[in-house]
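Each remark here refers to the structure printed beneath this line.
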Amino acid sequence: MFVRPDGRDYDEIRPVKITLDYVRYPEGSCLIEVGDTKVICSASVEEKVPSFLKESGKGWITAEYSMLPRATATRNIREAARGKLSGRTQEIQRLIGRALRSAVDLEKLGDRTIWIDCDVIQADGGTRTASITGAFVALYLALKRLELVDAVSSFVAATSVGIVESVPCLDLNYQEDSAAEVDMNVVMNEKGEFIEIQGTGEERPFSKNELNRLLELAEKGITELIKIQKEVLGV
Amino acid sequence: MFVRPDGRDYDEIRPVKITLDYVRYPEGSCLIEVGDTKVICSASVEEKVPSFLKESGKGWITAEYSMLPRATATRNIREAARGKLSGRTQEIQRLIGRALRSAVDLEKLGDRTIWIDCDVIQADGGTRTASITGAFVALYLALKRLELVDAVSSFVAATSVGIVESVPCLDLNYQEDSAAEVDMNVVMNEKGEFIEIQGTGEERPFSKNELNRLLELAEKGITELIKIQKEVLGV
Amino acid sequence: MFVRPDGRDYDEIRPVKITLDYVRYPEGSCLIEVGDTKVICSASVEEKVPSFLKESGKGWITAEYSMLPRATATRNIREAARGKLSGRTQEIQRLIGRALRSAVDLEKLGDRTIWIDCDVIQADGGTRTASITGAFVALYLALKRLELVDAVSSFVAATSVGIVESVPCLDLNYQEDSAAEVDMNVVMNEKGEFIEIQGTGEERPFSKNELNRLLELAEKGITELIKIQKEVLGV
Amino acid sequence: MFVRPDGRDYDEIRPVKITLDYVRYPEGSCLIEVGDTKVICSASVEEKVPSFLKESGKGWITAEYSMLPRATATRNIREAARGKLSGRTQEIQRLIGRALRSAVDLEKLGDRTIWIDCDVIQADGGTRTASITGAFVALYLALKRLELVDAVSSFVAATSVGIVESVPCLDLNYQEDSAAEVDMNVVMNEKGEFIEIQGTGEERPFSKNELNRLLELAEKGITELIKIQKEVLGV
Amino acid sequence: MFVRPDGRDYDEIRPVKITLDYVRYPEGSCLIEVGDTKVICSASVEEKVPSFLKESGKGWITAEYSMLPRATATRNIREAARGKLSGRTQEIQRLIGRALRSAVDLEKLGDRTIWIDCDVIQADGGTRTASITGAFVALYLALKRLELVDAVSSFVAATSVGIVESVPCLDLNYQEDSAAEVDMNVVMNEKGEFIEIQGTGEERPFSKNELNRLLELAEKGITELIKIQKEVLGV
Amino acid sequence: MFVRPDGRDYDEIRPVKITLDYVRYPEGSCLIEVGDTKVICSASVEEKVPSFLKESGKGWITAEYSMLPRATATRNIREAARGKLSGRTQEIQRLIGRALRSAVDLEKLGDRTIWIDCDVIQADGGTRTASITGAFVALYLALKRLELVDAVSSFVAATSVGIVESVPCLDLNYQEDSAAEVDMNVVMNEKGEFIEIQGTGEERPFSKNELNRLLELAEKGITELIKIQKEVLGV
């Protein structure tokens, strides 16, 4: 039967470490490490809103995501060198942005845009979900500095789940992810509600029962991640 | 209580019409109309595979998606004029490609790439799911012409579901989609298995119960869509 | 001696069909079919003018042209995917724009831009001239809706002519066009005046006599096309 | 009545000067001056053909056109800085290429591409036609160096004609061109045959009679230009 | 008189810390910290050479440089989002590449390219010179892993010097750099020879005497940096 | 021992010729010929400043640089056709701009931008330094026309120096430049002060003594170039 490469139980997340204020200039920042996946997350405050929100009284949160070329086992060509963002990058950026906007009351932000930057310096699976979990922390720190913590409507975190060799598993690393038959990213809030579900039958379709088991695992993982976010932020 | 703008029941799909061989040159093509959403779907056969599949013995299916500039109420700038594809377009293209690849045994395709083109000529919500449902038909026709129908492992169709004014609804039109609190696209096969689930709490998070109700509606709709696909194809 | 592939006389245009209001949202639209060439033409009204016309009291008409990837016998790469417009596309767009501007009194348009979109869904030669003929109809419908029909100074239509196997022919289809020694696109108004002549000796130069014969054919064809435009518009 | 700004007769071309071998490295080059319009034309030989001609036994001629930013009264942004070629530039490049290919027997070229570069250093109207006339000379010199003069099937030159204040005029300068009601570029060979006619009713349509008068003027001008080409080349 | 903001002597470099193997996948990597400037440097080995070196028997070293958007006091737009590299980035990349190639016998590299990536995660002046100093260390580690240390012909490091309020200073931080009248980047090897000198009179020209004083300071600083490189590498 | 290909002494510059007002439209222009290197330099005045200088009371000088495709022995692809500027071009443009800004009191310019265009029509080494020397002359002419000559704080010129076969040489031509072990571009003003030094050990590092000898040569050459500038300008 399938044994996880790092010896974890099927319903166990990897060790998580969040270093606050990892870089000096952003209003909020952290380094999040989920196993060997490492992402620098920062939140930058700009005192204006995109044109589609002018005079709406609402603020905005937008996200950008990138990987260092050698964050992975083989070097990737920089998107700046290619001259365009890949579909994958844009998909991830949009996901991170939606997830964080769902966590904040945008009217309380006022005429501000928060720019979230998630830069993966080492990738071992789950970079988009680690980005969401870390970016929430950076965002929280920035809002705290703005004395706008009450704009946060709920903590938000994310994890991946998947079916590997027929076994539903929590928080896949790269090796597991590559072998997964079914792959799902889940974003939830602290009340156990769903913000986003993206599930794909990469290698085969999946049943309602499998879906339910995966969502159970995701809920367990996200609950633990939100607990870690709260501890590190002292909330 | 919420009444659907076109008077449909909450669990009712819009009228669907599929015109086979809508354009002359592609190996397979159709015009799919789902309510006022109209998409020209075509399948073009190329007798070679992308470089990452060279000598793998497997074929490939890839998809492109576009909207005419005035498919919508206000005119959109062409992506060719902008010089780049939007994130939304790339996300949709990747989704269509994954959905169709899941329906076909790529080893039986041989050294071939099937290019799927979905061009929306009129958009009234659900363009990406109508594209999947129509593209499957175009793909089927192309495989038939290649005498490769046995490469199809299962019929595949897609629909959108969502929560509008707290009511879970099947097959949202544009007006409903704009007002949806929760929005979900679901791709399933004829065995009632999931190929892809993409659900987003646009305006608010959603509960496990709501998720289950939405998946039920999607299953009902997709079952009907696959029935229509089979009728039109005479299978 | 050369016999036309579809049995037409040398001075005969292909069957023309114009379906008004083919798509729902544009202020004016039609599907024009010239033989097997099919183009969706739409006219969209924008209540502002380009910066070079600010405060001139004149409006503007501009055109965009595109082909679906599989409008042709072999699939073309999308210009949006390439990230730039080909020289051919830009040349055609500029031609359509000039032709339509010549048909309208731009001062009567007021501070408006009309965006013309010509999207070829099936191509069998003469796509640019069919685009002009159809776009005029879409433009007329849009001006009618704006109650600005009196801004139209003249009907305008276009056709191609060419010399195939030494025989001057009217309205070339793709097979003829590929074999043409001389190729010419002509735009004329209802008074029999020229708006634009673009003639090229693709395979060999041409004499003054040949030119005159080609222009005669073009005049015959365009007279018939304008008659069809008027019938379909009920003018 | 309309008097030409430089006092020329209506059927008179501007003074033409062609300096052979203007730059050192190209296989053929010249500086052509037509009045105040000055273009450096060069012909570069590459010992291979584009992929669409591989193993056809035919060579190819292709052209590029550019203006120095301050070739004109006000400075233009470089196309290299914009990152793309304008529609106008592409149209002109295609025209120059077609014109020169018509002058040469491509089978005699062998497996070679001739790259024509036309760089306008000063622009006073008629830059595209001066480019064709000068580029033919550069091409001739390059073919001479390759001992392939017999590949030239005919001399080719070009001029512009137009109707200014109702008067048909030959070889418009910039001031005349800006005021022209009708504008036409004509390419002819030494036998008085047409290679290309591009006529546009910029400000108003034009009649058959006007067309004939313009073509007469063009023929007169081009005959003189080809005489000058022959003199300077000592043919 | 000018006192340095961090109290350093004029000829004193900032504290330098180099963490080896900072990221997991590259053949060689380090984090270099020079005061508050922090750069992740990695060296990736590719078993082929660029086309201009095919069959030359020589290897190649090339460098890319980037800053995280919020490495600086105000957020910068990503070059990947802009779709092109700035002139500044390209200038720096070329400088880093030249500096490292000068340190290695490329013939001993064999048919290999070493890709150097310098990603600035925090910027406080001197990012290009810190990149060179750190990149040499990453390169050294990669060559060690390839058992090619003897391809290193000399250690190489770099620093900036400049004249601030008339005082020549070593290793400017951002505040000093912004106020510098003269600014110079110097790359040297362990024998005290110059690899590259780039000096600019930003605010005023500079004399031969000033140049000599700046070069003296640079030599002092680079000697210390190479000592640190050797200590950390245990050489 | 190394003999220069054109028989010059090691400390001798090539013949220099500057033709004023070479093109008609720019406020200032010249053709500079340094041996076989020929550059058209023009200065265009725009009555506004870039946004970062709005309301600063200072003007701006910016430069663009390009080569005709066949300015060199083998034809180069146009940067406009590639769709982007090379790193080399951007580096040169930035250098020219800095050099000229150092020669002018930008506050005396007022709310103006001077656009410098350097277009190399023939390249035989030293194109960037010839561009600076020529561009200064074009700039001077433009300022004279604006009656702003007193904004010039000093004459500025540039040359290249290098070590070829161990011999330090002044003003390298292309053949020498290709063989140079060390290559340096120097910009100086009429007081013998440095504006910019860019020295690279292309093939080997260089010593302090070699540096000093190269700077001596550069000073000799630039003194002569400034004398020529003054003569031609009649100053």
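Quick notes on this one:
Per-chain residue numbering starts at 1, and chain names A, B, C, D, E and F are given in the order in which the chains are listed.
What we mean here is this: a contact is a pair of C-beta atoms (placed from the backbone, for glycine too) under 8 Å apart; a residue touches a chain by one contact, two chains touch by 3 or more.
Treat the numbers as computed from the prediction; the structure is a model and nothing was measured.
In terms of the stated touch criterion, chain C and chain D have no partners in common.
Residue numbering at the chain A/chain E interface overlaps substantially, since over half of the positions present are found in both copies.
When the CA atoms of chain A are superposed on those of chain F, the rotation angle is 120 degrees to the nearest 5. Ranked by separation of Cα centres from chain C, the top chain is E. For this pair, chain B with chain E, the centres built from the Cα atoms lie 51 Å apart.
Note: centroid distance chain C to chain E, computed from Cα atoms, is 59 Å. Look at where the CA atoms of chain B average out and do the same for chain C: the two points lie 33 Å apart. For chain C, the set of residues that touch two or more other chains comprises 83-85. Starting at chain D and proceeding toward chain F, the closed ring of contacting chains reads D, F, E, A, B, C. Listing the residues of chain C that touch chain D in their complex gives 84-88, 90-91, 93-94, 98, 102, 154, 184, 188-189, 191, 193-202, 204-208, 211, 215.
Residues 23-26, 29, 36, 38, 40, 42, 44, 46, 64, 66, 68-73, 75, 78-85, 89, 115, 117, 119, 121-122 of chain A are the ones touching chain E in the complex.
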